[in-house]
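Same chain, two partners: chain A is paired with chain B first, then with chain C.
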Partner chain A sequence: MRLELGKINIKDVVLGSEMKVSSGVLTVDVNQLEALVLEDDRIQKVTIELAKPGDSIRITPVKDVIEPRVKVNGSGTIFPGVIDNKVAQVGDGRTHVLSGTSVITVGKIMGFQEGIVDMSGIGADYTPFSKTLNICVVLEPVEGIEPHAYETAAREAGLKVANAIGEAGKTVVPDTIEVFEHLGLVGQAMAYPELPKIGYVCMLQSQGLLHDTYVYGVDAKNIIPTIMAPTEFMDGAVISGNCVASCDKIPTYLHQNDPIIEDLLAKHGKELNFMGVIITNENVFLADKERSSDGVAKLAKMMNLDGVLISEEGYGNPDTDLMMNCKKVERNGIKTVLITDEFPGRDGKSESLADAVKEADALVSCGQGNLVITMPPMDKVIGTLEDIETMIGGYDGSMKEDGSIEAEIQIIISATSAFGCNKLSARMY
Partner chain B sequence: MKKFRVVHYINNFFAGIGGEEKADIPPEMRVGAHGPGLALQQAFGEEAEVVATVICGDSYYGENMESAEEELLEMIKEQSPDLFIAGPAFNAGRYGVACGAIAKAVQESLDIPVVSGMYEENPGVDMFKKEFHIIKTGNSAADMRHSMPKLATLGMKLLKGDLIGSPSEEQYHTRGIRINYFNDKRGSLRAVEMLLKKVKGQTYETEYPMPDFGQVAPNPAIKDFTQVKVAIVTSGGVVPTDNPDRIESSSATKYGIYDISAYEAMPSDVFTTIHGGYDRTYALEDINRVVPLDVMRELEKEGRIGSLEKYFVTTTGTGTSVGNARRFGQEFSQKLMEDGVGAVILTST
Partner chain C sequence: MSRAYYMITNNPLVITSTYKNIDIVPVKTLGIMDVLMTTRDFLHQGHRLITHPLTGSLKPNENPYKSVLISKKQDVCDFNDVALLEQCTASAEKFIKGKALPKYCDRKANDFMLVDQLLIEGSLK
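Here is the complex of A and B:
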């Protein structure tokens, strides 16, 4: 499999009446996007708003963040198997990226777990999405809608908008083109026989009930572990459909731009041999946990790996999946490094994880989510501040009269994401 | 410039009042710096003044903990100190424990910074390192000249609200507190680099050594349920609809105890769930799914349990620190035991 990833660097975004990219400026057709979203009967109103780095803007409650991309050639479309896109193999051919932009879905709360993106101030330091040009899709569902239906409608609205915007990059000449090729397991092993064979176990959130991830349109609860090429993620084969705690949410954007995949590819053929990605789930039943972790360990062994990185989405219950995967992979003689975040309480004095095994002797911490910070008021709010105090990370008294918010950094989107996209970490004092 | 006021705590031995035979002297206070306090004063220079020294025999403290603490606190309060220094106690166990306990009490009741110093094997280190900073010292008073300036330096930083460095920078015993910082590299890259080292058999350092949760031994099985009073305890976030105790949706710092004696089943207009970690749809449809009062009442009527306690205990499990959970459990189990509860049904979500 061979993918050419062409990045079109977008320097600015404006709202307009056509969809185009010209000299690095993206114009989005507001009417087209609104009409597209309103095709869905479950949505009664939608507005499109922009938020740029440095703006005094607070976006909340955020549901998903998606990067606009388009398939230029090769089989399939971006986001295969969802919205109206046919299921077809992706990860091959050529894909264009409107780099530096993102689509953010916003709207009335459905769970408690949709957080904040601040475009400036201290809150902006914690989220990767304060650095992107954000096209916010503010949704209002019909009265009395059931939460799961609302989640589906919001998820699909975001994907449809990102899909439509991505089309604007189809014929644009990219600023950079990177090529990623997977030679097949045997070919890959033979290409760099002297380098350590490294895999990546990507644990997909699948606790269910608003905590789901989709793979080629399939609910990840229903998958058993399987092998994927890195380029499939770049083409949107995996999408987020969950309201897990904001700080460690892996929005679709991070599946498209998985930093672990990026850093492994950067060293591929030089310091390591990146053999591929094993995806698995985080189901709540013990039998599922046993089956999936057995499957992960088996695939790692069948791929003759020397080492694997294991990431996690969520905390608490999935800590058990993380530890089971670690233990079983290590018992097959394969080295592991875990990437996760910590929840040791606001005073930082408690145990950081809900489960532990002695094999987990190499762990990278993406920070502790219970840290309390105060985010200054913003001139403009995209969405609503109504639910701040009941959102995860918020508490009674979080919402101050002057519009500032005192809350745990849990409330900030992807602040402690266990994909390691940030520089935040925690250490022992 | 105003000089900061410091009160210093030492034992009878360091105050020059005899040895073990005088370890039973009660608390007393002396004006100014005494014994090791002179070195402390020297380290502070012009910035702070040791205004008083409080002294207590180690045996006396050990045998009269509550009253000694109270007396010492009174003496210390009178001095309106800005900073409190205890010891250093080096490897003297009873002295270390006394320094720790009094420093903790001062920190809590006067809300001022406190610092002590101890040798790593002093039992006071493990007992109090999470509460406040304890400077690493040698194992005997021979280290006094070397360690006192470190206590003073850290004390001044705490007083001024300066950023406190890592344990190795400031030379205090690692407190076991997880604090965030921004690394030079993103997490994914650090992970790739750590894995390459691990695969090659090179040394690497994990960023979080695995915790030891300890083991809770289960109680023996109940032989005859028909004689036992049962209570329901849940981490499912079920509260009265107005959430009177403002229990958090996640990272709970509180728990609630609510009366259910009037109900045959959990009424959905009286109770709700504020838990932020699961989809509440099915719990809100029927709150008995989380607090199974309906079934417990049946068991009660059938005589299969002795009785059901008139209240249930509740908190939010998601994100709640082990420390808080442990505290809740210790507190409410006391109440449950006093109320004659012999068994608990724990429901989680």
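Here is the complex of A and C:
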């Protein structure tokens, strides 16, 4: 599989009456986007607003973050299985990216499981999405809608908007073009026989309604572990459909721009031989956990891997999947490194994870979610501050009279993401 | 494999529901600790853990409601299940010690009930 990824560097975004990219400025057709979202009769009202790095703007409650992309050639469409129901294989051909932009869906679905993106102030330091030019899609559902129906509508609205914006980049000449190629397992192994063969196990949140991830449109709780090429992620084959705690949520944007995949590709052929990605799930049934972790260990062995990185999404239940994957892969003689965030209490002294095995002796920490910070008031709020005190990370008294917010960093989108997209970590001396 | 289960739950939405092949074991207190303790007692008697005790990725000091599915059939006590339950209990105690469960308004409490119910019902499909 060979993908050319053309990045169009977007320097500014403006609202207008046509969809276009000109001299690095993206103009967004507001009427087109609103009409597109309102085609869904589960959505009553939508507004499109902009938030740029450095703005005194607080976006909340944030559901998902998505990067606009478009397939220029090669089979399939961005977000296969969702947009227009085209499920053709992706990861081949050419894709253009409106780099530096993102679509953020904003809406109160499950009050406590959405989070905050601040565009300036200390809160901005903790989220990668304070650095992007954000096109916010603020949604209001029809009266009486069930939360899971609204989640589906909000998810699809975000993907449709990102898809429509991405189309504006189809005929634009990219600023940079990177080429990623996967030679197949045998070809990949033979290309750098002297380097260690490394795989990446990407654990997808899949506990059930409101806690799901989709692969080619399929609910990840119904998959058994499988192998994917890195380029399939770049084309949106994996999308977020969940409302887990904000700090360790993996929004769709991070599946499209997985920092672990990016780093492995950067080291591919130099320090290591990146063989591919194994995706697996995080179901609530213990029998499913056994089946999936057996599958992960089997695939790692069949790929002749020497080492594996394993990331997780969420806390508690997924910690058990993380440990089962670690234990079984290690028992096949393959070294593992786990990547996760920590919840060791505010003093940082308690156990960080809800499960542990002795094979888990190498772990990268992406920071601890219980850290308390105070975020200054912002001039503008996109969305509503109504639920701040009951969001995960907030508490009675979090919302101050002057508009500032004192809360655990759990409340900030992707603050401690186990994809390592932030600056937090921990070191052992 | 036996298809009969016990559902240990303190979630009013689940307690008042009926599910095929499932007997509800109601727990009357808020917070997940008594649900975990009740589950532990059943595991000690040889029942098997069917769903993970910390579903939902909600921290134990934030989530008032929890439902756990165990087997109705008894066998010898499974120490792996007991160890997992004990680890989850230790993790829950840590969170609750650091920050107690807040009191939620009805709308919020209902959201928590609904998430727990949707997760456990989703697992039954």
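In this text, the second predicted complex is superposed on the first by the 421 of 429 C-alpha atoms of A that agree within 3 Å, B and C clash if a C-alpha of one lies under 4 Å from a C-alpha of the other, contacts with A are read in each partner's own complex, and residues count from 1 in each chain.
Just so it is clear, a residue touches a chain if its C-beta (ideal position, glycine included) is under 8 Å from a C-beta of that chain, and two chains touch if they have at least 3 such contacts.
The shown structure was predicted, so the numbers you read here are calculated from the model rather than taken from an experiment.
Applying the stated clash criterion after superposition on chain A shows that chain B and chain C collide. When the two structures are aligned on the shared chain, A:Gln205 is found in touch with chain C, with no touch to chain B. Using the contact criterion defined above for the overlaid structures, shared-chain residue A:Ile224 touches neither chain B nor chain C, since it reaches no partner. Looking at the shared chain after the overlay, A:Gln368 reaches chain B, while chain C stays out of its contact range.
By the touch criterion defined above, A:Leu183 lies against neither chain B nor chain C after alignment on the C-alpha atoms of chain A.
With both structures placed on the common chain, the touch criterion links A:Tyr395 to chain B and to chain C. Of the two partner chains, both chain B and chain C are touched by A:Gly345.
In the superposition on chain A, contact is made by A:Asp306 with chain B only, not with chain C. One of chain B and chain C touches more residues of chain A, and that partner is B.
Contacts of A:Tyr315 after superposition: both chain B and chain C are touched. Legend: residue contacts after superposition of the two complexes on their common chain; A:Ala245 is shown touching both chain B and chain C. The superposed model places chain B right into chain C at 5-13; the other stretches listed in 5-13, 41-49 or 77-85 stay free of clashes.
Overlaid on A, the two complexes show chain B and chain C touching the same residues of chain A, namely 111-113, 147-148, 207-211, 245, 315-316, 343-347, 350-351, 353, 356, 370, 390, 392, 395-396.
Of all the residues in chain C, the ones that touch chain A in their complex are 49-52, 54-60, 62, 81, 84, 87-88, 90-91, 94-95, 97-99, 102, 104-105, 107-108, 111-112, 114-115, 118-123. Across the interface of their complex, chain C is touched by residues 110-113, 147-148, 205, 207-211, 221, 244-245, 248, 283-287, 289, 314-320, 343-347, 350-351, 353-356, 370, 390, 392, 395-396 of chain A. Against chain A, in their complex, chain B makes its touches with residues 130, 164, 166-167, 174-192, 194-196, 198-200, 204, 206-213, 246, 248-251, 253, 274-279, 281-282, 317-319, 321-324. Within the complex formed with chain B, the residues of chain A that make contact are 111-113, 146-148, 196, 198, 207-211, 245, 259-260, 262-264, 267, 271-272, 306-309, 315-316, 335-337, 339, 342-353, 356-358, 360-371, 390-396, 408-410, 418-429.
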